[in-house]
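Quick one: structure below, then a few questions.
The letters A, B, C, D and E name the chains in turn, as written, and every chain counts its residues from 1.
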Amino acid sequence: MTERVQEILSWYRSEPPGVLSNLYRILNHGRLAGTGRVVILPVDQGFEHGPGRSFEPNPPAYHPHYHFQLAIDAGLNAYAAPLGFIEAGAAEFAGQIPLILKANSHDILMDEANPMTAQTATVADALRLGCAAIGFTIYPGTAYRREQYEQLRELVREARAAGLVVVVWSYPRGSDLTEEGETALDVVAYAAQIAAQLGAHMIKVKLPSSRLELEAARKVYEEYDVPRDTIADRVRHVVQSAFDGRRIVIFSGGAKKDDPNAIFDAVRGIRDGGGFGSIIGRNTFQRKRKEAMEMLDRVIQIYQG
Amino acid sequence: MTERVQEILSWYRSEPPGVLSNLYRILNHGRLAGTGRVVILPVDQGFEHGPGRSFEPNPPAYHPHYHFQLAIDAGLNAYAAPLGFIEAGAAEFAGQIPLILKANSHDILMDEANPMTAQTATVADALRLGCAAIGFTIYPGTAYRREQYEQLRELVREARAAGLVVVVWSYPRGSDLTEEGETALDVVAYAAQIAAQLGAHMIKVKLPSSRLELEAARKVYEEYDVPRDTIADRVRHVVQSAFDGRRIVIFSGGAKKDDPNAIFDAVRGIRDGGGFGSIIGRNTFQRKRKEAMEMLDRVIQIYQG
Amino acid sequence: MTERVQEILSWYRSEPPGVLSNLYRILNHGRLAGTGRVVILPVDQGFEHGPGRSFEPNPPAYHPHYHFQLAIDAGLNAYAAPLGFIEAGAAEFAGQIPLILKANSHDILMDEANPMTAQTATVADALRLGCAAIGFTIYPGTAYRREQYEQLRELVREARAAGLVVVVWSYPRGSDLTEEGETALDVVAYAAQIAAQLGAHMIKVKLPSSRLELEAARKVYEEYDVPRDTIADRVRHVVQSAFDGRRIVIFSGGAKKDDPNAIFDAVRGIRDGGGFGSIIGRNTFQRKRKEAMEMLDRVIQIYQG
Amino acid sequence: MTERVQEILSWYRSEPPGVLSNLYRILNHGRLAGTGRVVILPVDQGFEHGPGRSFEPNPPAYHPHYHFQLAIDAGLNAYAAPLGFIEAGAAEFAGQIPLILKANSHDILMDEANPMTAQTATVADALRLGCAAIGFTIYPGTAYRREQYEQLRELVREARAAGLVVVVWSYPRGSDLTEEGETALDVVAYAAQIAAQLGAHMIKVKLPSSRLELEAARKVYEEYDVPRDTIADRVRHVVQSAFDGRRIVIFSGGAKKDDPNAIFDAVRGIRDGGGFGSIIGRNTFQRKRKEAMEMLDRVIQIYQG
Amino acid sequence: MTERVQEILSWYRSEPPGVLSNLYRILNHGRLAGTGRVVILPVDQGFEHGPGRSFEPNPPAYHPHYHFQLAIDAGLNAYAAPLGFIEAGAAEFAGQIPLILKANSHDILMDEANPMTAQTATVADALRLGCAAIGFTIYPGTAYRREQYEQLRELVREARAAGLVVVVWSYPRGSDLTEEGETALDVVAYAAQIAAQLGAHMIKVKLPSSRLELEAARKVYEEYDVPRDTIADRVRHVVQSAFDGRRIVIFSGGAKKDDPNAIFDAVRGIRDGGGFGSIIGRNTFQRKRKEAMEMLDRVIQIYQG
């Protein structure tokens, strides 16, 4: 075990060895093994946005095996997907890459100001499918966040007993936030804090902008002059907001960007701000495989550098 | 076991032998046994539309035994019905045809923009009645879909433990969809994807039109020029949307059509587009028995051809 | 066992011997024993309409023992009442008449377009009180019918395990039905079908009028010219709608009628249309005992005739 | 055992000996022991109305022991209070007076047309605290009465198994009743009937006025000329409405009255109408102790007379 | 054990030894050990108000260990925080200070007239983390208070069985109260009474103003001339409202005050009015550590004086 991994595991002394073991598996898999940095492939857009819109840009991605293979070949730390996609390849790729089962999902066939997810998989599913972790999305700021926090509490309880890592996607939404506010610095930092307080082992947030959304927070940020000009500044604040860096916080890639340099700039900012890594979906599987592999190679090199 | 059945079963490696056995029973029953194609008789209109409207066109259909016998004599793969109809013949026809117990139902005595089904039967009912599968309807796009997805999650869990196949009727509805949108190509493909992600073993959708409903999807379909002119094109896209063809997708027949040729054309399109078969209710039991038998004979011949 | 009772029991082959035994007890009790016809005394108006309004016309009826004795002395098949009334006499009249425990109730202290019942008794109550059956009211057409159907599903499951008969009061209501529509022929037939599909052993509906309520049903009824001029015609259609006569359907008497001939005409229609009997409450216990006894004697003679 | 107590217990033959034993304890405690009459001290105003408003008129009443001692010294049958008040004295006064644990409570910090109680204590609490009975308030006529009736059903089930008596406070409320209607004769009689049908062993209602609230009831009351001019007339009708007098019905004292003669008149009416006793809270604990003791002495004498 | 602690424990005779033991631990820890007074450090603002707004004024407070160390070094009785913060230090500081796990939380990313908390931790969490107590916030006056009271009932039940102390934060809120009304004397006294009736062992309320909010209460307070001019007067009334002083009531410090003298005045008032202590969060951890330590030293001296 590298010292960095040892240090990271030391932050989770309240957790049983089973959780530490699976955290170790994720941190020690792929090309970033042992560095304390992680790159994860998430593919939940088939459910979240619909199959045609998600996979038509790169039709081999309709096939569930495509994503397992991409994550393995690119040397990533883990592959995350909802129940059906995991079930459709868990036996074929058994043991080849740590799997994160997304336990809740949401579709967009109805337009909702306060979206609420459905719990579509369980800890028992994760165990029977050989997963290392379970993923759960919360929408802080929505009318149903309370139900979500309580579902997460139960999920964490079951996952801990089963030795599984819990990865929380913490995405502020809801009728009281502006659309830009969902990625405002204070709001993303708040989302990271909430996930940490709820017992998340790994926390996924969106890359924040320099915007401040909440009036009461803005006053404090301005009074104390919190740096927020660069990506690295903002990442640093979010990481600090998750127990002063003692929880693994990773950042999502967002919608497909035509220019990969935007992605590389973001990754450099995450690295320099002390972020723990990236979770990149659409920017990989919506590109041709060769292009995606090259992009991931570059991302990993940045984290290694 | 034919090679085709073997191939189909290979897609379900995450499932226990009990589920595979019942899938095998359905795929190997009747005149299409071993072809990988299925024709199923569903009779839930007594509950969904009322008895007079459903059975008066062919009064012997009031009798629950009528449908068991029709499905057996026509050489179909399975017979699907709600609790009462299955209970009223399960002993008399025990073992003669695979049964699919519809586990939820909805009546139309109230007009609802966001319909929600009642769970009217359980896995335990399916077991005590000797069924091979359990059927469940979801309405993606409705306000209560979340409850339905979670009910389905539990049903799949119980069914898997009991070795039962799960057949999901995935019918988009709800206040944000136009009526035509319910059968739009992008929406039907989305419905198939959702059912597959939720762990369905067999998926029943409506035959899609060439319409595109969701703005964000339309852009992608048009940019990538997804073929959608013929029934076969559209069936192909829907089947691709269910894990690139690795889940059994069947298509429903819709309201009774006076001209059986419309049905035969649809069946040819399903066959040519790689669909796995048909589920035909009103077009059979609302016809006189002789006429229905001839029609089913023709449908089966098309699938055999 | 008479041939008729044997035939009736043969329709319930999916049910365990315990249920058949209690069905036998009801069918073989009182003056109509063995005929396949039943007359039942239900007294739930104290809860449903209030005590003064229900019992003041015949004050001895305030006493819970009054009704047990009336049902016994008149030679009826069973006595049905809510928890309190059964508890107040179950020990004193133990074994003297089959009891049907009404498991849900509704009061009218609030005016509701979509009434919902409370579950006020359980299968365990029915067992400890020595009942042969459990009764449950559903309101098809109301906003909460889904909860009711699911409550009934659980009740049927428990009752079956306990060997109890389930009697379903199926009364269409709700904001989308006109008041006349609640007794329209198509609606009452639909109510009978729903109860049968939900697994009811005995079904109680209101005597239908010749009205047709649902537009889509009306077209079919008129196209196929369903007879509906006489009470017997209408009863025949309702009985056919309950699995072609293979479920016991009985008809309620409605509000107290001053002229008993209206009741006798209804009973003749039920008999001639193939109905299985009557459930008569207010028309008996709101009359003086002597008058009620004479009326019930006449009703029984009609069914015997 | 007196004949009267024996007679009263004979009405509860469906109940197990444990319930009868606790009923016996209540009926045989204090100065009215064996008479079949009961006077109970209830102190739930701290929760229902707030502490200052309830206890400031007589500050020793802030102390939980005050009420235990008052009930014991006055020779009452039982003392009823919510969880905290019982917990704060159950050990100190163990065995000295039968205790009734109020299992649900409601505060008035929010103004609600359809109030709903919280279940604040359980049967397990009653057992660990040595209580003889559990008390539960229902609000017939409110939008949430259904939940309350079902909570009561479960409470009765648990209480019966534990041998505890169930005392139901039946107080009509809700948006469809006028304020005067809450104590109208027909409504109070209805409330008594509902509690009896739900399985209550003892029923507490408000003393009714001569008003008739429900249109359909009024017609019957007027047609049959139900006497309602005197308190005794009205009490008699309410007692009759609770299974013709075969359930213990007691009447509450209402808000504090300056002139105790109003209370004595009410008690005489309850006695003469066949009521089983009084439950007097604010009229005792909001008076100085000496004054309260004298008033209770007089009330008991009236019941003894 | 000091006589004062012995006296305090004597008020909890309904509780099992496990609860008494943990109450003893809290009362006998730190510099106020044995005095019957307590000072507690609560840090839930990260969840309740967001991390930047809470911790930027004193950045070391982002680190979860900071608060454990502050509470230990200042000689406080206990440290209270939500799940994540406790988990992040429970092993490192095991046994060094009694811990209170906050079991429910609320964020302010949505503005709600009737806020409702999420249950974010359980009694099982408290046990595995070695806590002495569990904390729970109720909002009397809000539309969802009923759910909260019932959640608290269950929490108290589980905590008692596990020997844990229950500390209730009782904060009136909701659409029927003015903002000033939330700290009105009658409302705070009511909040203390409700918490006591619900079985709380320790009760935390806000320091009340002299305002009277509820019309019916105001009349009584004015008629009986309840003293409310000084902090000590008002504390005395609140303590009296919690079972005449037989429950431990502590007072919160509120938002950060620039002038510490305001805090010292409040503490003197609490002491003189018979309050049991203070729970001070923002006024400590939002100051530099040295300043906070000095302030806490002074607070403790006042309570010792």
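FYI, contacts are C-beta pairs under 8 Å (C-beta built on N, C-alpha and C of every residue); 3 or more make two chains touch, one makes a residue touch a chain.
The model shown is predicted, which means the values in this text are computed figures rather than measured ones.
Chains that count as touching both subunit A and subunit D, per the definition above, are E.
Looking at subunit D and subunit E, not one chain touches each of them. Shared numbers divided by all numbers used gives the overlap of an interface; between subunit A and subunit B this overlap falls below half, so the copies present different residues.
Rotation angle for the C-alpha superposition of subunit A on subunit C: 145 degrees, rounded in steps of 5. Our note on geometry: subunit B versus subunit E, Cα centroid distance of 58 Å, whole angstroms.
Subunit B and subunit C have CA centres that are 36 Å apart. Not a single residue position of subunit B touches two or more of the other chains. The touch graph of the protein chains shown is a ring with every node of degree two. Listed in rising order, the residues of subunit B touching subunit A in the complex are 11, 13-14, 140-143, 145-147, 149-150, 153, 157, 172, 174-177, 186-187, 189-190, 192-194, 196-200, 214, 216-217, 220-221, 224, 226, 237, 240-241, 243-244, 246. By the touch criterion given at the top, residues 46-47, 49-53, 56-57, 59, 62-64, 82-85, 87-88, 90-92, 105, 107-111, 116-122, 124-125, 128-129 of subunit B touch subunit C in their complex.
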